[in-house]
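Shared chain: subunit A. Partners: subunit B in the first complex, subunit C in the second.
Moving on, here comes the complex of A and B:
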């Protein structure tokens, strides 16, 4: 069916091309004009039963909500009139963004806004305008992705600042949108904008700039992460979510060492997270603890990590001698064993009920994580304490990851991942190094797990099902295997979006499955690209092209 | 002693199911070296396919198990095979030459999609569903051991199918092509074998056997759930490894051994029933440590 559609479309497109020829930009301009007009026209009619489901006063003329997005995307599409490389795809992305947003609004008006009578003229103009814009974009010549000229230092740093700042702003704005429908419209806008800017070379320029000024880049990113709680006006809702996201992100970085660097598929990773959690729950004087020992938290963290590492080595040592596929299934089995034991060993774990009433963390100086604290004149909810702890944890883990990635060990891991036989022939002790990767992964998971249970204040076995290992894996794959920042982005997206879009929750595992398949098929390197990884996945493809472009930094 | 024999028969019945599912793992692994994580879900789909057909059958046919069982089995096979073929085509085939991790991750995605898709869109599947009584009721008693007719049907069907598969692989032209592809796909291609077709046939065979196992298990236990496939798949994979992956006879034997071990462990070990699902993994780890090629396996060459 789709192929029939494309056949028809291509025939139609030929006709348009023949008629317009080199004057494709007429279509482009016409589309832009229509979209710009649409962005000030009313998009809804105040009909009977109109409930304004999309918020933003859509009945009257003016700019706001989805109309603002259409306006901005149309301006980006205007770059199709220049002679920049990549303008075709960029304009296509922007016009498709406009199209999807207007279809979405149309659907919302019909289904929840009082029926067809509620559809305003602006929606129709936007639909037609974005179609014309799309056709105009399709007449543009096919060019490679734009490569921005190399920039002077201050411009590079400015670019990093702007991109991270805009990212933070988008996050704050997005989280601030209460209504699901408005949020979806906003998310569509952001996605279209990211695609459009990507083809104009902004993403590549950003990664290049980041690689050149790595430490400044990380400092800016850390500052942005640190600033986030201050944007929430003391509101605890999102701080609670992001305190969890931070823990999962730290665990995901650990998984990234195992999967992304050493190429070992660990499907029972959540068990190590759970082991750390149980150690922490049992030793911190929880209300329902079965072990009446209370150790200071600074001692519990390394203890939890050590126990997790012990089990990691216990599982890894026999299996890592075998072919890689077996590891996947053994770890999967180990994850289940952990859960089954946690359910049945009621004397220690209280079985399916779990251990509740885990106290908040206390630092030696009397700092109580369970109380709100005032920082820079703003009273932050207590969840921010955990959030800040997460940032420190993630920063430490990231530094560790980056250092080990560039070390002899990291290179050996990559060699093992690429070709284990060749690596062994080169004198690499493959079993020991694989075991090291596996153990490091387990240690990091255990560390994150110890903190996690203090945030949740309870632990129960069913929070450590296989599917959560799969979710962490999705976070790594989505963000970018083998990259430093990828798993953080992946974890943030995968854990925060379902919190934002409640109606997605029931579908989230289905969507994660779909995402894994599509990612592996079309973008195995994930959102954030590791150069090394991209070249591996697209041999002789775009990755290699990018390498040969002038003005590029040397491969990592 | 009677109790032991009783448990032994129960183990054989359970093992027959594991063996049927395991064949799909072992064949696919033998040919494309992929652990098809979604295979357990294909097994689960078989049961749902049978159930779906049963629900639309007229009442007169629902009661005639001699008609209803084959029809439901065919429906289960149809659903499983359809999904397996689409899965191979859309998800796995494009990744044939990708780095090894890619198809494994895809397989997890496929598994999640099948499970969740069933839960979300099969009517009422968010809770366990009742499976119709498709197997004959009643039992024979041999020396104090009670063997239900249902168990007999399960074991007989399983054994017949296993023998049929073995014959197919050893005697038929396609079977020979399968073995050639398993040994060396590139050379097989040079010899004029359509390896893509062979791989599809492998998936179809595996899915059919899993579907039969699914319908039989549903009918025997009287209930199906959307996540039945996860644990069953894991255990079946263990059976395949136990027998030596890629080896059909070994795989069947592995299924029976695992079924018996599990039943005996539940019966005779302390807290056996709570740890029911654990023994398979313990067996798996022990086998991999001490006899990684399985009880009946030969050395598998590592293929680049």
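Moving on, here comes the complex of A and C:
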């Protein structure tokens, strides 16, 4: 059935190619014109009870909601008319985006707008237009992904600014969309746009620019992160989510030291996060604490980190002599042991009820994390305090990660990943170095864990189930092993999307599994790519190719 | 140069009665072996004679069953005694391969074992690992000492790449080097650990005659630096032109050891390689 379809399609495609020449300009222009017309036509029939779930008034002519997305994607698809490399895939991505968005609207109108009668003429035009556009794009020659020429300094910095700025804007707009359906349409648009721009080489140019002006790039990224709370108009909902995301991102970077740098599989990582959390909960004079001491937070952080590190070494020392698979099993077991001990040691942990009423952080200067504060004339909800603390934590962890990666220790970890026996023969104490990575991971998890319980104001054993270890691992793998930014992106996607799309929560694990399978098939090195991982996953490429391949970031 | 430094230079490595048993197979059988300062020793023998296993015994990759190995004054393998024996419950005490490298023995592998996805320079930098001490705090703090050490390590690596004429390829990935260059890179990486004794396991396997000649010159240059070298090799021309002494292993035991001329003239060696008609010429 499918093969028959493709046979027919290829025969048809050859005919088109013969008639319109290899460029398929006619089809492209026709598709573009149709899509542009569609983006101003009404998409729903007047009088039908389908009330505009996608922004903009679909019943009247004009640009709004999904029509805006179609308009923008069509303009990007117009680059197929140029001679840019990578235009084929870019145009295909844009046209498929148009197609999917129109089908999505069509489906919505049929299901909730009262059947086929509700479909406006614009939807049909958009459908036909994006199909024609796709066929036109498919006739474009296969060219390599574009590698933009190196830009002058100001253009590089401008590019960093624009990409980060647009990213922040997209995040703010996306979070501001209340309706699930509107959000899905928006997300489809963003995904199509990212693919289209990526194939035009924008992502490569961005990462190159970032590498050249690393400190300026990080400064801009930090500024964007600091600006985020100010875009929320004092609304606490997303600040609460992102305060959590920040903590998980910091923990994920720690896991990335273990998994991405040293190449060890740790399936019980959440236990170290939990150990830090319990230390913090017990020593902060919570309402339901069993240990009545109240240490200042600046003392609790290193204590929590130290206890987690101690357990990390305790678990790692005997098991790191074994090969990878055994370590995975032992850490898996340790994660469960931690949770079960926390459930049953009621004298210390209050068992399954956990410890509630953990007070908010207080800094020595009298700064109370539990109170909203006014900054730059805007009253920020108290969750922003934790969010800002996260930013400092992540920045510190990032510096730590980058510097240790770029040292003799980082090189030794790579050597161990590459060939453990040869590494030993070169005088590398593999056991000690693996233990070091394991201990660093545990320490960072413990640090993040101490902050985490103050955000949630309570701790209970079931927040540290195996599945959360798996989620953190997914965040690292999805974002990009061995990179600094990867785990942050991964953690943000994995923790924020289910918060945004409540219906995703039921299928959360299913969808993550699906996403990971697709990722492993199409981009095994993760969304953000370290140059070294790129080589490891694509053994075939020659050195020069591997070095100059697009879309890579050095594991800065 | 004399081909007889047996009693001459200081002994660098001394192995006494080294044996390794794998179940019923005695892979290395009571081998005595001495390497002197700045001496090139060839280790030859038919396939399966135990040459590589003997190398592995010296470098700690396998723990010998019995015997004693010392490098200068350091015992790298020997009989356990006292509390060590009580603690480990074993009769022998051995060092791990990384400790032995640190003590001063470095090796290459029969089947090249570079770090394929690291650059040529990085491979050599890894070799410097055991001669530097910069820890986590130094790496994160990036004080002046970190930068100084890093600069020194890179300078030394560049020197070594120059030494094996791979300087220009330093940013290539190791896996993309031609075969002969990979062999030389492995030697440079081993030299980066500042060894006193270099063990080369079939350094010319798969090389063409001109590459083999270049390797021979390289090994001589290494010897002239004051290093002792042990070479396993099947290329007899290479061995007999290069080595000061040659030892022949047959079925795990040392058959004969002597100058290239002595070994070449010994009919037992020919017999070991080619076999003899039954009963003919058991001893010469």
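Assume the second predicted complex is superposed on the first by the 526 of 556 C-alpha atoms of A that agree within 3 Å, B and C clash if a C-alpha of one lies under 4 Å from a C-alpha of the other, contacts with A are read in each partner's own complex, and residues count from 1 in each chain.
As a convention for this text, a contact is a pair of C-beta atoms (placed from the backbone, for glycine too) under 8 Å apart; a residue touches a chain by one contact, two chains touch by 3 or more.
In this text the structure is predicted, and so the values were computed from the model without any measurement.
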Q.
One more residue to check, A:399. First (subunit B), second (subunit C), both or neither?
A. second
Q: Would you check which partner chain A:517 touches, where first means subunit B only, second means subunit C only, and both and neither mean what they say?
A: first
Q) Of the two partner chains, subunit B (first) and subunit C (second), which one does A:423 touch, if any: first, second, both, or neither? A) second
Q: Identify the partner contact of A:415: answer first if only subunit B is touched, second if only subunit C is, both if each is, neither if none is.
A: second
Q. Of the partners subunit B and subunit C, which touch A:452 in the superposed model: first, second, both, neither?
A. neither
Q.
Under the stated touch criterion, which partner chain does A:477 make contact with: subunit B (first), subunit C (second), both, or neither?
A. first
Q) Should A:467 be classified as contacting the first partner (subunit B), the second (subunit C), both, or neither? A) first
Q: State whether subunit B or subunit C is in contact with more residues of subunit A in the superposed arrangement.
A: B
(Q) I'd like to check the shared interface: which positions of subunit A are touched by both subunit B and subunit C across the two complexes? (A) 419, 421, 536
**Q.** Contacting residues of subunit A [partner subunit B, same complex]
**A.** 259, 263, 265, 267, 315, 318-319, 321-326, 328-330, 332-334, 336-337, 340-341, 343-344, 419, 421, 466-467, 470, 473, 477, 481, 506-507, 509-510, 512-517, 520-521, 524, 536-537
**Q.** Partner subunit C, residues of subunit A touching it in the complex
**A.** 399-400, 403-404, 406-412, 414-415, 418-419, 421-430, 436, 440, 532, 535-536, 539, 542-543, 546-547
Q: Using the touch rule from the top, collect the residues of subunit B that touch subunit A in their complex.
A: 29, 33, 35, 90-91, 94-95, 98-106, 108-117, 120, 230-231, 234, 237-238, 241, 271, 274-275, 277-278, 280-282, 284-285, 288-289, 292, 302, 304
Q: Show which residues of subunit C lie in contact with subunit A when the two form their complex.
A: 59, 61, 96-99, 101-102, 106-107, 109, 113-118, 122, 125-132, 134-136, 138-140, 142, 146, 150, 153, 171-173, 175-176, 189-190, 192-193
